[in-house]
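Two complexes come next, and they have one chain in common, chain A, joined by chain B in the first and chain C in the second.
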Partner chain A sequence: MDPYYLFVTAVSLASIYGLLAIGISIIWSSLGMINLAQGFTFTVSGYGAWLVAQNVSTNGFVVVLGGVITGALAGALTGLLAFIPLYDKPNFPLRSLIATLAISLMGGQFLLWLFTPRVKALPKIFGVGSIHIGPATVSHDKIGSIVCSAILLLLTLAWMKGSRRGLEIRAMMQNPEGAALVGVGLRSTAMAVMMVTGAMAGLAAVLLSQTYFISPFAGTTPLVKGMVVALAGGLGSVAGAVIAAVLIGFVEAFTAVQLGGQYVLITQFLFIIAVLLVRPRGIAGMIEHSRE
Partner chain B sequence: MATSTDSQEQPAPSVASTVGNRSWLPALSGHGGASWHRWRYPLTRRTPLLIETRYNSTTLAAERRILNPAPILWVIGLAVLAIAPPPIGNNSFILSATSFAMYAAINVIWMLQIGTAGIFSLASLATVGAGAYGSSYLSVYFGFPWWAMWLSGPLFGLLFGIVIAIPAIRLEGFYYALLTVGIAELCRVYVIQDQTLGSANGLLGTDSFVPSGMSDRGGLILGYYLAFVLLLGALVLYRVVNGQRLGRLLRAAPERQEAFAEALGINYRATRIQVFMISSAALGGVGAFYATLLHGATPTLFTMDQLLLLLAMIVVGGIGTAEGAVVGTLIVVLFDKVFIGLGPIRLILIASIMLGTVLFLRGGLFGIPAQYAAWRGKRLSERRGVHSGKGGEVMPEEATEIADKQAIYLRRFDARVRAELKTLISEDLIREHRATFGKRRSDALERVLNYFRRAATADKYAVLAVKPFAEYRIVALSGQRGVPPRAVDDQIFTTVEDALHAVFLKRVQDLMES
Partner chain C sequence: MSDVLHVEDLSAGYGPLGVLHGVSLTVRAGERVGIVGLNGHGKSTLLRAVAGLTGWQSGSIKLNGVEIGGTRSQGPGRYTHKIVRMGLALVPQGDALFHGLSVADHLDSGAYTRRAWRERKQRREHVLEIFPPLQKLLNQPVGKLSGGERRMVSLGRGLMDDARLLLIDEPSLGLAPKISNGLMQALMQIDIKEGAMVIAEQNLSLLEGKVSRLIGLHAGKLKGGALAPDLPVSELVHHAGHPHPHH
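For the complex of A and B:
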């Protein structure tokens, strides 16, 4: 088998899972909320991009933009329903977790009702074909997803490092009460976080839809994978999520090539359980108590 | 032992029902021997009903009140479930009732994991699926009859429980919840891809418990009653595990008090895992019943939406109680089956109920009384704060909670006296007080002084002679025997008259501020 193919597949999968995982991770560390509606955001963005491709233009950039904007809106909706009413109530973590689950149940059924179970396909925004980089042959959609997610990830990280809003988000990650005391608006910052992570999920949806179809429940598998990547990386750590995404992408690509596609989830889970048994907070997880 | 009689209500008696607390508990009549009679479970000292005998403070009649109506409601509810569905329903109604009883059993056992053991596992339905698939496999490939499937189901559940309990030893809270969501998805993908487990159609064709000669309707009714017995079994298991030794050990080790419990000698980790294993085995048993009822197992058992539906059931009822699990299941199954014509919209409806519950209620439907009591207490204390500014008179809603009505009238009288005295205070009066020590005083000043003198001892100002005829200070009496008075300020007075006048000024100030 081709080691370069393995490498490229691993990295392209890692970049897509990484987008979702980093979203979940940032939401947890800044808002203290486990967002299981990220799968719903993912699915809605796929449909948003599809609607844009049907009605506006099949230009790759426009389609990606459509997906990203839909994702940001869906993220904002989740924030409005699950964070804003609950964040100062008792038992917030559990109640917001259940609220996001309710949103994902509602959203899935709503999409099923609106779009019927028939699957949809996005146009190939990166074109069909492959290019040769040295000894490796890389298909367009793989290189496209790697580049796109790397760009969005770097933009997000730069924004979090450089901008005023990013500073507020990082302040909220380190000490939410202190941040509120020195004048960081909890609600507006939370909505910003939800929209940015929603946009990440939207991009991941468009990228993954180059390979898979869009259906009302397409979000479950990416959600589960993004979630376990975030778990293995340690909730709350962006670097940990990136490392875990790469490792899990390798495990997936390696298993698919060596053992067969049906064993992918099993090996992934064995890997994650092994990681978590050694380090219960993930590869680089911060201690949960720092969020309280 | 000087307690202030003028302002505060009596310490609330520990009895649940004080006068004015409208408790709609059924009252029984009874006197003498009847007041001590208790029903008891055979061979134990346990009583099903907590009965309190007391004298009605209005009528002075002896009456017995049942403090916990829950057992009565349980018996009525279960009796309705046992009698109603078969005669009144058509076949689809009986099927719905059967699935209600089965889901209620699953939820009650799941409540053991989430509530009692405190392990937030979302793999409950996956455990049921393991039991169902395992026993179906034995039946389809090895020809196990239905009773052997029922026996084997708990074993598969236990095995699955052991596998998913390994991460539970290390992981906490949400980490584990997320992992179990992933494990359910893993099971679904594995089952769909495995040919021997029937792929996407499920593993069908298992033995059924319905005898071959029985009519369709007879089979349905038999299925319903078996599911009902299953629910009863789940409730008994809940009662035994949650209410007896294991549950009590774990109640001594709630969240963030684990180290304390461990210091007491409670091995809470082992106990949690033990409860988890017991409930996993029970869930496997439910799975085997599922397989014999529906002639096999299908991958829908592992889907996220089915799991969310189950979660909606326990969230609506309230996490942590068996009655919450049963009533929540009833509500969600009603919506799911009654509005089946609406298609996906009915699930949107259920999800909105779930969202509404979680947004507005702290502990689901069965948490409403506690939440209402907390809200009412908050409002009451707010009102009390507002009204104590208006002379400390007892407001009607507060009066219902004070058993000693004398205290209410005393406070009303006191408030009026103070209002009257405030009109007497003037600059002249204060000057007169300083000038007339040992002399005859005016009627107005005597009235004010008499009011000050009869105040309660607690926090009453007094003069302390540090050095007689040379150094005096103002103190406040503690009102408790053996507790010395506390110094009020650093002022030192050289004559007793100055000190007494300063005390007078302080009291006037307190009066004007009240």
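For the complex of A and C:
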């Protein structure tokens, strides 16, 4: 076993799952909604990028942009259908959970009808081949995944930290009433959250489609893994999600190399069960003392 | 138009519970008004109704002459951000802080207009002059602060924008007498300019002689000052059913 290969595979998987998990985590803590439609957003974004590649340009940047914009739009659609009409109704967490599940299922069928079950492939936006970094050999799509995710993640974090809108989202994550008292509109902020997290899922879709094909239900497995990472990291914590993504990425890469790909889901779920047995609030319980 | 707040026939409550029963009052520009009364008699509900945070409410509330009240049976807080943007700052009981965010973030969050956001550094300095102990705590998460410091953060947040009406709910709640006295003094030093300040307080002695007018609130109805501005305090206390102050 090549430890460098293992490491690079783990980090590139971590960057993709991390994008989904951070989205799920931010939506949960700011809107109080478990977004099961994140997988649908992921799938639609793959098709969006594919349509752009077919009709507009196969330039890597344009294809990524197509996926990201489609993701933001799908996120906005989810917000319009599952959050805006429901958020002030009783039992909102359960209602929105079912609404997003419905969007996910209906969306999948719609894509099946529209694009047929035949799988699609995106162009290799990072080219084919590999480069050598020290003793390690890294394929282009892996390094591309890591770099692109890191860029989007850093941009998002800088935006959350430095802009008024970012401050509003962080405020809403901590205390919705306090946020309203400093002039934060719940609905417009919620739509901003849905679009940003949708864009993250869109980028994840383009990146993962460098390895896997696009199909109407391609988002299911990434959704489950994003959920696992978000839970293991501690819902609501970006730092926790990043750490959990790296750990889950390692579990997946290690399992695939040592035991074979068919055991990946088993070891991942064993891992999250172990984490949640020890830390019921997820990994972030260790670092964020202020969450009470 | 010099009425900052004009409330007429306001009733409000939560679910089946009616707390306020036909309250009317006017707060003019430049006034500091104290609302006194026992726990559970509607002080907080009155302030929360102005911010649109009660479970339900009916009756007219005018902020700077603009109607923000009306009848509403659900959706508490739905319009709060809009009312806030029209010039209201409410410092609620429990402070409604963001526990993981720093003191600096809290102050910045209070600067919601474009102009205030641009000037947030200067405005922060101004707030720190009023509450000097916050200077050293700027980068601390609020979850680690003491009760008095948290109250200062919550008040400071309300002072970051150009609110014309400042509503402060029980500033002394849960604080040691010495600290609440200091806090009350700081509140009296704030320059309210063309605006007004309403302080709801259970501890009458903290407000006596400091505010322009005292109003008693008993069983969801106003007593005293709302109608007769110069009612002697002893009379008011009698009307409001208030016990003799402990401190």
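Keep this in mind: the second predicted complex is superposed on the first by the 284 of 292 C-alpha atoms of A that agree within 3 Å, B and C clash if a C-alpha of one lies under 4 Å from a C-alpha of the other, contacts with A are read in each partner's own complex, and residues count from 1 in each chain.
We take it that a contact is a pair of C-beta atoms (placed from the backbone, for glycine too) under 8 Å apart; a residue touches a chain by one contact, two chains touch by 3 or more.
Small disclaimer: the values here were computed from a predicted structure and weren't measured.
S.K.: Determine, under the contact definition given at the top, whether A:276 touches first (chain B), second (chain C), both, or neither.
M.R.: The answer is first: A:276 touches chain B but not chain C.
S.K.: Once chain A of both complexes is superposed, is A:76 in touch with chain B (first), chain C (second), both, or neither?
M.R.: neither
S.K.: Now for A:266: first (chain B), second (chain C), both, or neither, which partner does it touch?
M.R.: After superposing on A, A:266 lies in contact with chain B but is clear of chain C.
S.K.: More residues of chain A in touch with chain C or with chain B?
M.R.: Looking at chain B versus chain C, the one contacting more residues of chain A is B.
S.K.: In the overlay, answer first, second, both or neither for which of chain B and chain C A:221 touches.
M.R.: first
S.K.: According to the stated criteria, A:91 is in contact with first (chain B), second (chain C), both, or neither; which is it?
M.R.: The first partner, chain B, only.
S.K.: Common interface residues of chain A with chain B and chain C?
M.R.: Looking at chain A, the two contact sets intersect at 288.
S.K.: Which bits of chain C are touching chain A when the two form their complex?
M.R.: Going by the criterion above, the answer is residues 51, 53, 74-75, 77-78, 80-82, 84-85, 89-90, 92, 95-101, 105, 108-110, 112-113, 117, 141, 143-144, 157-158, 161.
S.K.: List the residues on chain B that touch chain A in their complex, please.
M.R.: Going through chain B, the ones touching chain A are 120, 166-167, 170-175, 177-179, 181-183, 185-186, 189-190, 193-194, 304-305, 308-309, 311-312, 315, 319, 343-345, 347-348, 350-352, 354-355, 358-359, 362.
S.K.: Taking the complex as given, what residues does chain A use to touch chain C?
M.R.: Residues 88, 164, 167-168, 170-171, 173-186, 288-292.
S.K.: Going by the contact rule at the top, pick out the chain A residues touching chain B in the complex.
M.R.: Contact set of chain A toward chain B: 34, 36, 81, 85-86, 89-91, 93-95, 97-99, 101-106, 108-110, 112-113, 217, 220-221, 224, 227-228, 230-231, 235, 261-262, 265-266, 269, 272-273, 276-277, 280-281, 288.
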